[in-house]
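The letters A, B and C name the chains in turn, as written, and every chain counts its residues from 1.
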Amino acid sequence: MLRLENVKKKYKDFELDITMEVKPGCVTGLIGRNGAGKTTAFKAALGLIRAAGGEITVFGKPISGLSAKDREKMGVVLSDSGFSGYLKVKDLAAILGNLYSRFDEGYFTGKCESFGLPFDKRIKDFSTGMRRKLHVAAALSHHAELLIMDEPTAGMDVIAREELLDMIREYMETEGRSVLLSSHISGDLEGLCDDIYLIDEGKVLLHEDTDVLLDTYGILKVTKEQYEAMDKSFLMCRRKEEFGYSCLTGEKQFYAENYPDAVIEKGSIDGVMTMMIRGER
Amino acid sequence: MKLIINHSSMQPIYEQIVEQIKGQIIKGVLKADTALPSVRALAKELKVSALTVKKAYDGLEAEGFVITVHGKGSFVAFANQQMMLEEKKKEVESDLEGAIRKGRSCGMTDQELGELFHIILEE
Amino acid sequence: MMKGLLIKDLKLMLTQFAFLILLPVVGAVFVVPTGEMSMGFGYITAVSGIIGVTTINYDSYDNGFAYLFTLPISRRGYVKEKYLFAALSSVAVMMAIGLFMWALMAVSHPENAYAFADFLGDMEDSYSIALTAVAFMLPVFLKFGAEKSRFVILIIAGIFMGVMIGVSQAEVLRDIEIGGGKWVRVLTPVLCLAWLCASYLISVRIMEKKEF
């Protein structure tokens, strides 16, 4: 569906160099710190910025060959940009209906209502959360095949976040669709994404299937002595701690079986991310 | 299908799904030829990734508990007594392995372990 | 695509409803006390030129461009629509205000009666000039963004208005018309069109290169 290969982009502070892919029928997640390059990757994938190197393919076509009709198959939510603030929700229905041939007005207005969005207020008077919900509703209302969402849950409370994630799950129930989304909140990604890319300083640090990450990755917490005595072949990185070391492994089972005394924590996206970014190999 | 997943458990989610479905099949709660929910529907219900559910279904199929028909979905295969027995034996074996591991880690010799085993058998 | 964008810009323009109502009122101020349309033309020209271009302001508000270009529109299509909207809104505003002012004048100063045919002819000139101004402003707005351009635009608008007033006062246009005959009538719109096309191509190039 979407493929970035060796995509490079240079900015003052950092350089982006990533290879990633969203396969058909998959929900792919992107996680990383602020300024890690998530939004840059998104913008490159959307053709908003031009990559200095590498290839970007969307729906099998190179991004330069993407037509307006192709873009009808995409639903987008950006973190820092949206509809002109001077418009109202009721204006949007007419506009979107004329931009997208498969726009479902009933679905759009229905979702706006259930989100409690006022139809007569200007968008610039909305709260961040409300604006987010509006754009998600718009992105989901035209039978897109690919959803690209940059921090869609930002600014939302727990209930709204769950609603949004459920909307994405519902969206995926139709075959042939894919989603690329980024989030700060790893819990969102854990319960939804099929695979996850961890980005830091413009590079992909890790790419793994979510269930593998949750099931076979683990964080060992051991004393210095335990650490010295251990077989380190399956350790990916380690961090010095008060008590000794914490270590990331991709083979939790191995350590659970051979070192039953060692404290092992279940793998989590946050845990893995912290270890990969802060740890030493 | 009523599955309960513990997200904070050390047991992999994939395993939890496989075990619970297997259990229901063996107990007869899920009868032969029953259609399992679609991968995505179950993923939505359990709030896990669709890939996890797919792997679970694949795992169940590899063990013969489930048959997947392309385009139609997954169905409970005919569960027979033999299979149930196999499952139970596997569980016993795994429990024994666990006990032995524990014993060894606290210093018991194999002989002590064997003796303990026989004592308990006779109780 | 085009229709969707046009609707958007129309709705955005209508948010300025209060301002729009004011326009004919101000126009009346030009006409009623003086009893002639000359200053009025300068006013109409300047106003209708600017109206069409202000929608770019709305687009760039709050970094809106980034999202805009993820929608099913092409860079070229966006530029096309801007020119189209400017052309359409200019003529609409111009005719509305112009007619209002003309009618007002006919009622308040019947002695300066101004034939409708002449009125239309002058409107046509005004329109050409307004579009020429638009053709200047659009590429500037697109390249430098609404914020920076505003000051430049104000100056250009002021110059145009001044020129219009000066020219119509001096009746230079009428003289050119009488002197050049039909050719001037034909040439002005043609030149204007040519300039518009050049401006359009420049704008397309600007937008295609832009990153968000």
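Convention: a residue touches a chain if its C-beta (ideal position, glycine included) is under 8 Å from a C-beta of that chain, and two chains touch if they have at least 3 such contacts.
Remember, it's a predicted structure, so these values are computed and weren't measured experimentally.
**Student:** Taking all protein C-alpha atoms shown, work out their mean, then name the chain whose own C-alpha mean is nearest to it.
**Tutor:** A
**Student:** If you count the contact pairs for each chain pair, which pair has the most?
**Tutor:** Per chain pair, the contact count peaks at A-C.
**Student:** From the mean C-alpha coordinate of subunit A to that of subunit C, what's the distance rounded to whole Å?
**Tutor:** Comparing mean C-alpha positions, subunit C is 45 Å from subunit A.
**Student:** Taking the mean of the CA coordinates per chain, how far is subunit A from subunit B in Å?
**Tutor:** It comes to 32 Å between the two C-alpha centres.
**Student:** Express in whole angstrom the distance between the two chain centres, defined as the mean CA positions of subunit B and subunit C.
**Tutor:** Going by mean C-alpha positions, subunit B sits 75 Å from subunit C.
**Student:** So in the complex, the part of subunit A that touches subunit C is made up of which residues?
**Tutor:** Within the complex, subunit A contacts subunit C at residues 43, 46-50, 67-72, 74, 76, 78, 80-87, 91, 94-100, 122, 124, 135, 148.
**Student:** Along subunit B, where are the residues that touch subunit A in the complex?
**Tutor:** Answer in residue numbers: 7-10, 12-15, 38, 40-41, 43-44, 47-52, 55, 101-102, 105.
**Student:** For a test of understanding, state which residues of subunit C touch subunit A in their complex under the given definition.
**Tutor:** 1, 3-5, 7-8, 11-12, 15, 58-59, 61-67, 69-74, 77, 211-212
**Student:** Would you tell me which residues of subunit A are touching subunit B in their complex?
**Tutor:** Touching subunit B from subunit A are residues 25-27, 165-166, 169-170, 172-173, 190-195, 209-211, 214-216, 256-257, 260-261, 264, 266.
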